[in-house]
Structures are given as structure tokens and as C-alpha cells.
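This is the structure I want to talk about, given as C-alpha cells.
We just call them A, B, C, D, E, F, G, H, I and J in the order they show up, numbering each chain from 1.
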Amino acid sequence: MAFVGKKFPNISVDVTDKTGITKKINILETAQKENKKVLLFWYPKDFTFVCPTELHAFQSAMADFEKRNTLVIGASCDTPEVHFAWLNTPKNNGGIQGVTYPIIADSNRNLSSQLGILDITNERYDDETGNVMVDGDNVTYRATYLIDEEGTVFHESVNHMPLGRNVAEFVRLIDAYTHVQKNGEVCPANWQEGSSA
Amino acid sequence: MAFVGKKFPNISVDVTDKTGITKKINILETAQKENKKVLLFWYPKDFTFVCPTELHAFQSAMADFEKRNTLVIGASCDTPEVHFAWLNTPKNNGGIQGVTYPIIADSNRNLSSQLGILDITNERYDDETGNVMVDGDNVTYRATYLIDEEGTVFHESVNHMPLGRNVAEFVRLIDAYTHVQKNGEVCPANWQEGSSA
Amino acid sequence: MAFVGKKFPNISVDVTDKTGITKKINILETAQKENKKVLLFWYPKDFTFVCPTELHAFQSAMADFEKRNTLVIGASCDTPEVHFAWLNTPKNNGGIQGVTYPIIADSNRNLSSQLGILDITNERYDDETGNVMVDGDNVTYRATYLIDEEGTVFHESVNHMPLGRNVAEFVRLIDAYTHVQKNGEVCPANWQEGSSA
Amino acid sequence: MAFVGKKFPNISVDVTDKTGITKKINILETAQKENKKVLLFWYPKDFTFVCPTELHAFQSAMADFEKRNTLVIGASCDTPEVHFAWLNTPKNNGGIQGVTYPIIADSNRNLSSQLGILDITNERYDDETGNVMVDGDNVTYRATYLIDEEGTVFHESVNHMPLGRNVAEFVRLIDAYTHVQKNGEVCPANWQEGSSA
Amino acid sequence: MAFVGKKFPNISVDVTDKTGITKKINILETAQKENKKVLLFWYPKDFTFVCPTELHAFQSAMADFEKRNTLVIGASCDTPEVHFAWLNTPKNNGGIQGVTYPIIADSNRNLSSQLGILDITNERYDDETGNVMVDGDNVTYRATYLIDEEGTVFHESVNHMPLGRNVAEFVRLIDAYTHVQKNGEVCPANWQEGSSA
Amino acid sequence: MAFVGKKFPNISVDVTDKTGITKKINILETAQKENKKVLLFWYPKDFTFVCPTELHAFQSAMADFEKRNTLVIGASCDTPEVHFAWLNTPKNNGGIQGVTYPIIADSNRNLSSQLGILDITNERYDDETGNVMVDGDNVTYRATYLIDEEGTVFHESVNHMPLGRNVAEFVRLIDAYTHVQKNGEVCPANWQEGSSA
Amino acid sequence: MAFVGKKFPNISVDVTDKTGITKKINILETAQKENKKVLLFWYPKDFTFVCPTELHAFQSAMADFEKRNTLVIGASCDTPEVHFAWLNTPKNNGGIQGVTYPIIADSNRNLSSQLGILDITNERYDDETGNVMVDGDNVTYRATYLIDEEGTVFHESVNHMPLGRNVAEFVRLIDAYTHVQKNGEVCPANWQEGSSA
Amino acid sequence: MAFVGKKFPNISVDVTDKTGITKKINILETAQKENKKVLLFWYPKDFTFVCPTELHAFQSAMADFEKRNTLVIGASCDTPEVHFAWLNTPKNNGGIQGVTYPIIADSNRNLSSQLGILDITNERYDDETGNVMVDGDNVTYRATYLIDEEGTVFHESVNHMPLGRNVAEFVRLIDAYTHVQKNGEVCPANWQEGSSA
Amino acid sequence: MAFVGKKFPNISVDVTDKTGITKKINILETAQKENKKVLLFWYPKDFTFVCPTELHAFQSAMADFEKRNTLVIGASCDTPEVHFAWLNTPKNNGGIQGVTYPIIADSNRNLSSQLGILDITNERYDDETGNVMVDGDNVTYRATYLIDEEGTVFHESVNHMPLGRNVAEFVRLIDAYTHVQKNGEVCPANWQEGSSA
Amino acid sequence: MAFVGKKFPNISVDVTDKTGITKKINILETAQKENKKVLLFWYPKDFTFVCPTELHAFQSAMADFEKRNTLVIGASCDTPEVHFAWLNTPKNNGGIQGVTYPIIADSNRNLSSQLGILDITNERYDDETGNVMVDGDNVTYRATYLIDEEGTVFHESVNHMPLGRNVAEFVRLIDAYTHVQKNGEVCPANWQEGSSA
């Protein structure tokens, strides 16, 4: 079932950043309390090639998101310790040094399993042991969620593993949604801020 | 559960076009037999304001999709008769005259319910009558699926009702995915065809 | 189970008319509050050939129904937007311009599924996806309900898809039922108002 | 669920006529084997006032049905013995002497319960005794079925207890349906044989 | 399970008599309130040959039952209208004109199904339709119940369809039971009132 | 459910007689193989007062039953040993010395529980022990069955504990049933052999 | 499960004796209220050969049990009437005249089924009739229970049908248990009262 | 349920003896193959006071059992190692040195749980852990089984923990049963070999 | 599931020692009330070869454990009586004379089944008897638990039957854990008390 | 349930090493095919402080394990990419550069969930979403398994998170087990290779 038009899941997850401190964050409550939009993007794994490119692209656009009252949050199923190690690895070594937004460490998959974006397939219940065996690495696809100030999801998308995202498109979607919030108009296709609807 | 990384549902649905003839189409089989990519986009209802804008935008980009070996298919839960009436309504009367791609008429919701993109919520079973009552119009969100030549979904996204789509972004995603198919490389964020990865 | 002798289902559905405004209507409550009889007739789809003929026939008899204290309501599973487009299509273009009674837009099938008049058959539960697949267009047969001032159904009939209705017969049934209401007599076959029972 | 568009139930029931002989009849098979249409009408009880009026009305129109290749069959839940007694009661004593078509004696309710036209309501399972108690006389409403030569129902209607039927309307429906069978056209509202569609 | 030694079922059923008026009767309450014994006898169908003979035999013995403080009640599954027609049919036409005791019209089988005396066998549940099909006419065997002033059954018997009852035997059983009620003695076989036990 | 019109239960039970030898008897098979009618009568307990009276009464009528091709069989839930002791107890000591017909010893209640004539009521399942506790002595009422040469029950009756049976009535029922077997006529009430039906 | 070490079942059963009066007895309560031990012995059937021998043996040892504060109670599944007849049958006729202790009449098997000592085996549920059929006579084995003043079972034994009991052994067990009660010592094998443990 | 009259459980258990060698024994098969009777006696625990007394008593009577073709087998839930240690402990140290018959080591309770002679009570399922907790030491009562050459149990008894057994009584039971086997007679109470039955 | 990081099971079990007195001990409560660590070690069986070696090794290290505020408790599934016999058997006879710490007697397996360290495998439910049969001796592996002053398990290990334990390793683990308790540091591998972490 | 005495789970998992290549390994098959012992040790997370200490300690002892025919395998729930990054981080930066044994990347928890060593607790099923929420990081405790050449586990242990392991102890356990394999002797406590058992 699509999350669009519904509230984002109401649960707390671990999040860390370049300070190396790990806290709990509840995205639904954060959007509502801080009265901000949230862009949440998931990537499969730390310490891979395509992922840092995306993470740096979101970093480069931080000013664009801030002036649109939008928090940027990254997320993967790695641990806070691994996030911290990666945050301390220079960009030219494949690291993400310089990233300032927080990154969720969903190692227990509480949030990603609820969103249904894990790459596991073919669950098999083993009668003998009572365990469940799966295919796949149990990491997330490249899923992105845009959430408004009331915690409602207004866009969700999932890209296959090897396919990077277009940061500018998310800026456009935020602008278009903000336009609807302000003007109550329905926003036509290919709409750009400043153009006449 | 995300459809990305999995085969598109293997079912046949009614589809019509400007000829007014209604046929059956199985998107999975079509992609595989014709060895083409498919862009399938859903909109909520015929004869509304924002929808025709999107439908015209896809029509304008038909050449771009064709040269990328990509079929464009529209879809809503209206009947073939309604699609045909709308296809015969001039653009300046709010119609979609001029649209040449086929439009699915999923009036029995066989496909949209399987994709999980209907706006119904709060299902209530009525013990007395044995019927199920729902909230919502039972029409679809603005969902988009990119499917490759093997029938595998490589992108899916859902926009909230009032939020139009950006046709150029889908062209970019097709190019990026094609690049990966050809070069086996992972495609970084914000990638544009012709730029060096 | 027949609805005759029972109250009409107590639920609200969307209804629109030539003004293009969509409201909620609860037929049971409307009959009781306005102390009127109701003739509710269902047709399969907007923008088809036989249907407008029936809709125009009911329109032509509006004076007959009004002087018998009877509301006429049309109904199909199309959306309010499609009803409005059809209401604005001239009669000689296959439209129903000129129709003044309201038309129910049961796009979520809340009412038609409760009445059991949808043409879907052969429901199949898909174990793998948990979805239900059906045969048929999920639109209604030509069903007609006559409801009295207390909301009780006193006649129901269903015609196969290609078979039009006889408006005069419904007038006769209303007259006969009204005769029984006034005179407490049982009304013999082929009874006509003014004839001696 | 409506029976229109489906085959009539495939079961055998007792039927008798003025000869007093009781046989089994399977309406579905009869229509198919004899290649005839069937008009089946149900009435609540033998030896009541309004019922014989209807039964005589159908008798008077026998020639009309015969020339339309249509069998007329009456039906109630009384026994063959009671039907026979009523068939031997003169018309002016409230009897139906003179009726020549067969009358079904559905005393075990095998057919009427399958059609869902019994007036019983409010079934209550008695835990102590394991029996089911009902409200109502367990007799049928005034239901009418038109069945074609393949055994498919093309019209069904149910009138409340005190409301007699219009024999001419059934003749009209048979003619309209026959017109569709012959001409493949959809038959508009208020259609009369001989008028141009 | 035998009803002997238990209270008669506590339910109300329709009863009529030669006046043609239909009322409700609860046999258990009637016995207790009027402080009378009750003889309740069931026969299969109105308007058959053997049945009127039995009904006349009970009529002839009415004085014997009255002086023993015993109500006589007949019963079948025919409707009150049919009972009334039969009560108005002269004896030499196979009718029961002259019968003065009331006759239960158990057309909904509420009482006869609880007593387990219907001739239906071989119940088959039809999975497809959810209906139950039976063999047999769904009418009663020749069952007789003797009920005392507290509503307790002290004799029950069932005869096969073609086998008439002996009214004198029921008089004997009532006398024997009354003897036990008065004298507290156990009544030996073949006992006759006035003989020494 | 009545056993009338159905085959007698097809099971074997212990039976003994004045020889003291215990055998198995299957009443259904016996009737069929020996081509005889059977009168089976149950009494509550050996060594009580009213019972021997009944047993002697059946003994006195043995010639009447024999010339009507009818086997007489007594039955209670006592053991064969107790039957034998009672059969050897002189009549004036409360015994049944002189009885020549066999007596069933249904100590395991296989047959009486299937006939539903045991006086137990109010079964209570004890969760702790998994046992069933009952009220009542678990002995039979005074039930009588008349069975024809094909094993079909044509009369059944149950008398309350203190109420003796009338042997002559069973002779009458056998004669009446035999009359029907021979003449195919339905036998009217109060019928006596030799009278004109 | 063994009953040793647990309380005897807390239920009331019918008991009679040479006076012919039938009462209720609850062995658990009797032991506790009268502060006595109880020896309860079961035998299969009245009026058999080996059983009276045992019953006389227990009678002969009554003085031994009385001076050990122990009640002796016999038990079978026969009725009180049969017990009374046997108690009045002279010893040389195979009776138990002279027996003074009470004998339980467990005709409804409430106690013996709870003790699990009935000889029935191979229970078969008959789906058609809903009855349970068993093999065996549904009488008890030769089971013996020794119960102390608190109602706790301290010995239980079961002998196969043809195998008589040794009364002296039960006297020994009572003495040994009493010795333990008084001295708190554990009682060695083959212990005899008066010997040094 | 009593085991008397049924086959002894058909399972293999560990058994050891003074040689210290542990083997498997199946008592049912042993009795049948060696054509011998078996006396199996259970005691609660090794290394207690009362138990060795019983074990020595059975040892002293070995000649009596052997000449009656009867195997003697002891049993407890201790391990073979503990049995061996006890078999090597001198009698005056509380050991059972000198015992020559085998002793079952039912440490996994496979046999004792099937016989229902463990002292555990009050089983409680712990929902949280999925374990079962019990009261009691999970050791056996003093149960004794006499089994014939076909493996059928002909005596079973259970003594409360502190109550020793009488070896002579088992010799008597074996003699009595053997007498029945030879003579087909039923053996009266208190019977002794050599006395006239 | 590992017990490490969780509280030790909260149940009471029997424990004895060289005094031969048997008490109840709840290890969780003991650790908490006495504010001590606990080393609990399980061995398979009393009176075997390898086990006493381990038991003597723990005894030799008692001073080391005491100065570390740690209670040592042994455990097996033998009874207290067997433990006592073994504690009184001299070391050179294979006994454990000289052992001063208490030994749990888990004969009912309440604790060992909850810990999951019994050697039973292959549980088979016997439908006929309702019993569970197992493979294995139902004794424990060589499992060891280290529990802190709050009752939390901080180490658990299981050795296969023939494999003895290293007492010094448990001393090292206690020291390392105590170091963490005091210093809040994480303790590196191969850490020894006094070395710098 | 302990794994000791049972085969190691038969499943394949991802494993990587300093070459950065990821393969599948099935430990059970590896032990059997290569005829080697396996030491498998789990640690919670890459890029933490205590873990690298343990990993270096196992590396230092590689020669000891090799000469004992034992494979060393590390394991955590991090991905191969993270393992590779850590393997390339110098020791003095908290990395594990220099480690040559392979490290399992159980990111889908297929193996660790089967071993029951994940730190998740308190699973809560969310009825609304159908998801399971857990407490804990879903990483493993410090568990160690010693597996023999047939794939049988002969030692398992789990240390709480902050508690490092003693490599020498595992060497001792391997030596002791090898001694038993060669000599068939049971190995006493504190045993050291070369000492006399």
C-alpha cells in the first residue's frame, strides 16, 4: 500500500552525524514539532561507490532545502559506528567527509521493514528450527520520502539498486507541493516555481 | 512491499485509445515480447483539470520515449467508454484530444489493487450484510512505473493527488538505467546522459 | 436475498447533477425526511448508447413522478467528474444534456456492492499477493428500486445489460402501491389507476 | 446477488396442474431442451384474494406467450394437494379453475430459498436445541423471472406482497429481448415491438 | 432425544379455526395458564384422503377429551388460508367441515423442526450458493404429543405416513396418567380406568 | 429426529433369554433375513414393580404377535446376568419367570444412546478431569418401536416412566400397517382389522 | 494418571444396602467428616459367580476393618434395584444375603468413568449419527482404593476380570499406612503389624 | 485408564544390573519371546531407606518367581551409573549389593510417563518461555505390574510413597492367574494355590 | 536464544550438600539478596568418571571464587539422595567426598529444560497414548553460567559430554567482568587482571 | 536449545576477506569437505573499540590453530563492504588491517538468527501494519563455536557485549577434544595437552 496521503510511521530510530553522537529521532514528531518538511532518502550500504555520490549531491543542495524549510535525513541499515567511520573517511577515499545532515542507523530494520523497502525476498519458514530464512542482503532500495509539516507523505519513490537520484527533482516536488499548500491550486505537470500554473 | 527489483504483475487489463477499440494488454508480456521498456503512469480520474495537463505533457514527449525504445501507457479506473469520450474532447474543453498512446481502463481495479495505489482507506466489514464499506473514491494516486525489457520494475513513485509529474525526470531515469544496462556501471546521482559518470 | 419488504441500505453516497456540485445523499434518510417515494435506477456506464435513451425517458416523465411525490435518482459507478462531462454533452452527441435529476457516482461501489448488482463474477483469491482478482467490468446491471416514504423497498427489478426499461410500468407500480397505502386493499394484477379494483 | 446474466438454478422441483398429477420439473433443462423462453412467477399463498387475480391474468395472456415461444409457470410453497384443490375451486369462489399452466409446489423450499425470495427474516440459532427459529411465514414474495432459451435469466423483479403484476410489461420485455437476440442491437427504453429502435 | 419427561418447546405459532381468524398460541403456556392437559396431533397435509378421517375421529371424541380437561389441537405445515379453505369444504368433498378444535399453521416450520418430525432427509450444503437442499416434502409425520398441566410431555409417538391413529388409546393414556397423578401409583400395562391396578 | 420412515440402526447388541445364553443380535438384519416384523420395547430397569407387569402382558400376547409374523424383543440396560436372574425369579416374587422372548442387555448403551431414549440430562464436561458428568440414572424410558420386514420403523412411541403400555394398540398398528402393505390403501383413523376402510 | 497421592474424586453417587433404601454418598466428604479410612472395591456385575465370593470375603472381615476405623464400600454399575434383589438372594443361590456394607449403584458411570476403570475400549465416533459406539460391556474391572481420613488415596490396584482379591493384603496395607501415620516412619516391604520395622 | 486387560506399552528402555553393563529391554517383547510372565516393580529413588528393603525382599523371593516362570524387573528414574553405584554398596550401608535381577534406568521417563505413575502435578505452561514447569520430584510411585506370557497386564497397583509392598501377595496373584490360565475357572477371593476353588 | 544479557530464570529448585539437608534455592534471588556473583556449572550424571574431576577442580579453586565474591553451585538431574551418597563416597572410589559447595538436584528438570541444556532430541508425540517419547538420557550437557550481582547472565558456555572445563578461565571472566563493572571500560581479548587494558 | 552435540546449521552465508572478494561459505560443508575443525567467533559490530582487539588476538594465534587443523572464521552482521573498509583501516586507526582469516557478513541475519545470538528482545507485533518491532540493535553477542571435522558442535559460549575472549582457552578446548578423538578417553577438568589425564 502506498504511504502517500497517510502519516509517516510513528516510531523512533537511531540517528547519528559527524559528531559521532547517536540519538533517537521520530520523523513524524520532528516534522510536526519543528513545523518543517522532511526529505528522507535511503541508500543500500555504507562504503560503496554510487552511494557517496548521492550523499554528496544532497549535501551540495543543503542550502536549497533549508530555504524551503526542509530537513534532509539520510538512512541505511548500517550501524552508527559504521556511519561515523564513513563520515570520517575523506571523499577521495570513497568516504562522505563533509556531510552535515544526520544519517539514520536502522540496524534493527524497525523502520525499513515497516516501509517495505528491504531487498529481501522469498521468505522461507524452517519448520524444524522455527526460523525464517530469506534471500537478499536485507538492505534497503534507494527509496525517497517527502513529508509535509503535518507528517503526511506527499511523495514516495523507489529506485533500483544501481540507479542514482536527481536532487533537483525533489526540489521541484517540494516547490510544487508548497505552491498547492499556499494557493490551493492543483499543480500541473512539469510545473516550475515562477511559471504560471 | 516495493515492486522495484521484481517482475511487474502478470495480469491482463482492458486498454483503449483514440480508435475507440478496447483490447486486453498484459504489460509484463508486452515488455518481454516487444523487447521494450514501458512507462506506465496512473492518474486519478478522467475529465478533471490537472490530469489532462499531465497527459498532454507525456504526449509532447512521445518522440523522446520512442527513441529510447519505451512504450508510454496511461491508466485510470474509468471505463473505456469514458476514455473514448475524453479522447474525443478538444484540449481547450478540458479534453485529451491528440493523445495517441493507449490508456488502461481498470474499472474492476484488478491491477490497481494489486499495485496498492487506490485511495481507499478504513475498510469496514459489515457483519450484518457481509459487505465491505470503504472511505475514499476508490481511484488511484499519481503512481508511475518504469519497467525494463525483462518486465522488471526499476523505478516506482507515487505523488499525492494534487501534485503533477516531471516528464523529463522519467527520461533521465530511463537514460541512466540504459547506461547501466550497457556499461554495467553504477550510475551516480544527478547523472545526465553524455556526462562522464 | 430480496430487498423488498426491508429498509433500503442506510449509507451515504456521492451524488451530482447538472450544477456540477457533488454532495452526499442517504436515500433511506431522504425518503423519510422529505416524506417522499424514491425511484432509483442504475445503468452500467456513462457515454454508452442505450443508457442515455433510458435517462432521457425518465427525464421526460419527471412531471408524472413529481405529481406522485416521487424523487427520481439515476446511478452508475462513474465519477462525479464523468457525470458532469456527460451532463454537458448534447443529446445528439450521445450526451444527457437536459437531465435535471441527480445521478449517484458510486465509484467506490459502497452501495452497488451492498445491493448485489455488480457484474463481477468468479472472484479468485491470489495466495501469493493476497489480492482478489475478478471477471467482469465491475459495473452495475440495469436495476431499479421503488422505495416508499418510510424507506421500505416495495419493488426491485434487474434487467440484463442490453434491455431497456419501461418508465410507464414504474408509474403504474407507484400508483398501485399508493392505492394500497390509501385504501388498505390488495391490488390485483394489471391494475390501472381509476379502474375499479 | 442478482441472477440476471447467470444461468437459472439447476434443480428439480415438484409441479402439478389441473390433471392433479405431480411431476418433477427442472426449469433450466426444460428451457434448453424445448428451446423455449420461460416466464416463472411466484405468489405467496393459495386460497388468498389477490393471488387468483394474477393467476387469471396470466391465463388470459396464454396465447400471447405461446406465440412468443414462452412457457408460463406459476409457483408457490403450497403442496400439490392444495394446488389441486384450488384448481378445482370455481373462480367465483376464490379459486383458479380454468388455469391450464403448471404450478410448482415448492413445499420443501429448495428452489425459493436458492432464489432468496422467502419472506423469512431474523434467523435465530437456538444454542440449547440446535434449531433455527425465524420470523415470517416462510412463503415467497411476488417474484418474476424471465429466462431465455439457454437458461439465462434476462429479467428478475420482486414486488411487495400486496402489489400485483402487469402481464403486458413481461410481454414487452420478452419482445425487446427477442429483438436484441435477432438484431444484435441494444434496445432503448420504452421500446415497443414494431417501433423503430 | 425424546421429549418425554421434558417441557414442551416454549414458542408461539400461528393457529386458526373455523372462524378463519389467525392467532398466536404457545402450547406450553396454554397448558400451564389454563391448567389443562393438551393432546397435539400432527398430520402431513391438508386436502389429502387419510388425514380428514383422523381429523373427524378426533372431532367425534371431543366430549371425551373435554371431560378429561384436555385440549385437542391439530397441526400441519399448511397456511391458515389453506386450513380455512379446508374447514369450509364439506366432509363428502374430502373436507373437514365440522371440525371445531384449532389447527396450527406451522408454515415456517418453527415448531415442527424443533420437534424433529419433518420428513426431510439427506440435507446437502451447496458450497457454490451457500444454500441447503433437502430430499422430502418438508411436511410432518403423524406425530402425537400428550402434555400435562405443567407443560411436561408424558407421551410421544410417531406413525409412518399411511398409518392412522387410535383415538381411544390416547384417552387410555390420559386416564392412566391422571390415575398416577392422583394416586401416586405406578400404572401397569394394559391398565383400564376402573380396573384394580 | 424421528426414526419413523428410516431404517432401524444397523448395530449388534447382546441379547439373552431364559436359557441364560448370551448372543449378539442385529435387529435390522434379523427383520430382513427372517422376513419378519419386530416389536422392540424398552423398559427402565430389571427388578422393579411396573416393568414385570408389562413384560408379562407382552408374554400373554405372544400368540397374537406370532400369527402376525412379528418377533417380540424386550430391552433394558441391565446385564445378561441380571436378566437371567430375573427370568429365574417367580412372578409372585416380582420376577419374570415364564417370559420366553429374548431381552436385550444394552449395558454399554450402544443402541439406547443411538435411539436417544436414555433419561440422562444436563451433561457437564469437567475441564479438570476431562470427564463428562450427567444427571439421571442413564436408563431408558418406555420406548416402543415397530419395524417392518425391510427394517424400516413404522411406529415409535415413548411413555414417561410410570406409564404402562397397551399391548392391544401395538397389535392394531401392526394390523393396520399390514393392511396398507397388502392393499396399498391408506389406513384411516381408528381402523380395526375386518372393518371396511 | 495414578490417583495415589491425590484426593479421591469429589462427587456424589447412589448407594444402597440390605434395607433397600437408596441414598447419595460422597466418599471424599464421608472420609473427611467421619474421620475414617475407606476401602472401596469395585466388581464387574451382580449375579455372577466370582463376585459374590469376594463380597462375602469382605463381609467376613468386617470386624477387622471396623477396629481399624475403616469403612468398607462395594461398587458396581448395576442399579439399586438389582443390588437389592441380589442382597435378598441367599448365598447358596449365588446371592449375597448377609452383606451389611453399602454398595454403590453407579448406573450412570459418573464415578467409574472418572476413575478410568471401565472395560470399554475402541471408542468410535459415528459421523452420521453423532453417537459414540464402544467395545466392551461398559462395566468395571476389579479395582480397589484405600483412602485415608483426609480423602487422599494411598493405594489403588486393578485386577483383571477373573482374578479375585486378597482381603488380608488390604488389612496389611491399612496397618502399614496407619503405622506411618503414627510413627512417621517409612514402612519397609513385607511389614507386618507388631514386627519391628 | 487402567492398563489391566491391555498390552503393556511397546517401547525399549535402558536396563542395567550388577555387571554394570547397560542394555535395552522391551518388556512386551521379552514376555512374548521368552514366553514368561513379568513382575515389574517401580520404586521412587535409589539410595533411600525404604526402597532397598523392598528390593531385598524381591531378591529373597527370586526362587519363588523363577519356578513360576516369572521374570522380576526393578525400575526407577535414576541413571544406570547410579544403579551400578547402589548395586555395589553393601546392604548394611543402605545399598542393594546382592540384588541379581535387572533394574530399569528410566532417566528420560519414556516408560514411566506412559504408565502415568510419576509424582508430578500441577503442570504450568509458561507463555513467556514456552516451557512447562511442574510440582513434584518427577520420580515414580511404588507401582507394580504383573504381565502374562502374551504381554497382557493382569494386575496393576500403586502404593503411596512411604508404603512398602508384600511380595507374597504378588506370588498369590501369579498363582491365581496361572490357575485361571490352566483351568479356565474364575478364581474366588482369598484363593490360595492348592485350596479347592 | 542466548541467556547472556538477560536475567537468569526466576525459579526455585532443590539443592543439597554434604550435610544431606535438602533446601530450595532461587539463584536469581540469591545473587540479588546476597549481592554476589554466581558460577553455576552443570554436569551430566553422578557416579561417572570425568565429572568428579571437574567437581574436585572447582572445590580446589573455592578460595579464588570466595575472594571474588562468587558463589559456586554445581548441578545435575540426579536426586538429593544420590548427591548425598556421592558426597559420602571417597574420592579414590570415584566419589566427591570433600566437596563443600551446594549441588542442585533438578530431578524434575524444571530449570534445565528452561535453560535448554538437556540432551534429549527427536521428540515424538504418540497420538494413541498422548505421551511424548524422546531420544537421549534426559541429562544435561556441561553448561556453565556466570551471573552478576543483579542476576544478569554475563557468560554462558556448553561443552560436549566428554570435554572438561577450565576453572581458571572462569576466574579470568569474572575478573574481566568485574573490571568492566568498576571501570566502565570495555575489556579487550586475552585480558588478565593487573595488565593494562 | 544448545547446539552442542548437534550438527552446525546447514546454510550458506556471505564471507569476505582482505582481498575484498565476497563468496558464499557453508561452514558445515567446509568442515566436512576439508576435514578440518572450525573456530567461528562472532563480534557485535565493525569499527568499535573492543572488537578489533579480539580480532587481532585471533590473528596472532593463527599458527596455533593451523597446526591444530583448525580454520578460524570471524563474523558480524555488517556488510562485506564495511568489512572490507575495516580490513583496510590501519590498526592504530582502530582498524583490523593485517587480519588474514575470512569474516562472515551476515547482513540478512540468516545464520545469527538461527543460532539465537542476536541482541534483540521484546518483539511486538503491530496489528495495524502487520510488522514486527523489536528492542535492541539486532547485532550479535560475542558467541564462539567449536566445530569438529564432522560438523558437530563441541563447544559453544556466549559473552556479554563488553567481555573479551581468551584465545588460549579455545586452543585448550581443541586440544582436549582432539585428545578424546584420538584416545577415546574422557577428558578431565583443567586438562592440558601433554599432562597425563
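Keep in mind that, in the parts below, a residue touches a chain if its C-beta (ideal position, glycine included) is under 8 Å from a C-beta of that chain, and two chains touch if they have at least 3 such contacts.
Just so it is clear, the structure is predicted and the values come from calculations on it, not from any experiment.
Counting steps between touching chains, the shortest path from chain C to chain I takes 4. Think of each touching pair as a link: the shortest run of links from chain A to chain F has 5 of them. Listing every chain that touches chain A and chain H alike gives an empty result. On a Cα centroid basis, the chain most remote from chain H in this structure is C.
One finds 49 Å separating the Cα centroids of chain B and chain J. Computed centre separation for the pair chain F/chain G is 34 angstrom, with centres defined by C-alpha atoms.
Mean C-alpha positions place chain C and chain G at a centre distance of 79 Å. For chain B, residues touching at least two other chains: there are none. Under the stated contact rule, the graph of chain-to-chain touches is a ring, a single cycle where every chain has exactly two partners. Listing every chain once round the ring, from chain I with chain J next, yields I, J, A, B, C, D, E, F, G, H. Across the interface of their complex, chain E is touched by residues 9, 11, 14, 45-48, 77-79, 81-82, 84-86, 89, 107-110, 113-114, 120, 126, 129, 131-134, 136-139 of chain D. If you check the complex, the residues on chain J that touch chain I are 1-6, 49-50, 53-54, 56-58, 116-117, 119, 121, 141, 143, 152-169, 172-173, 176-177, 180, 185-191.
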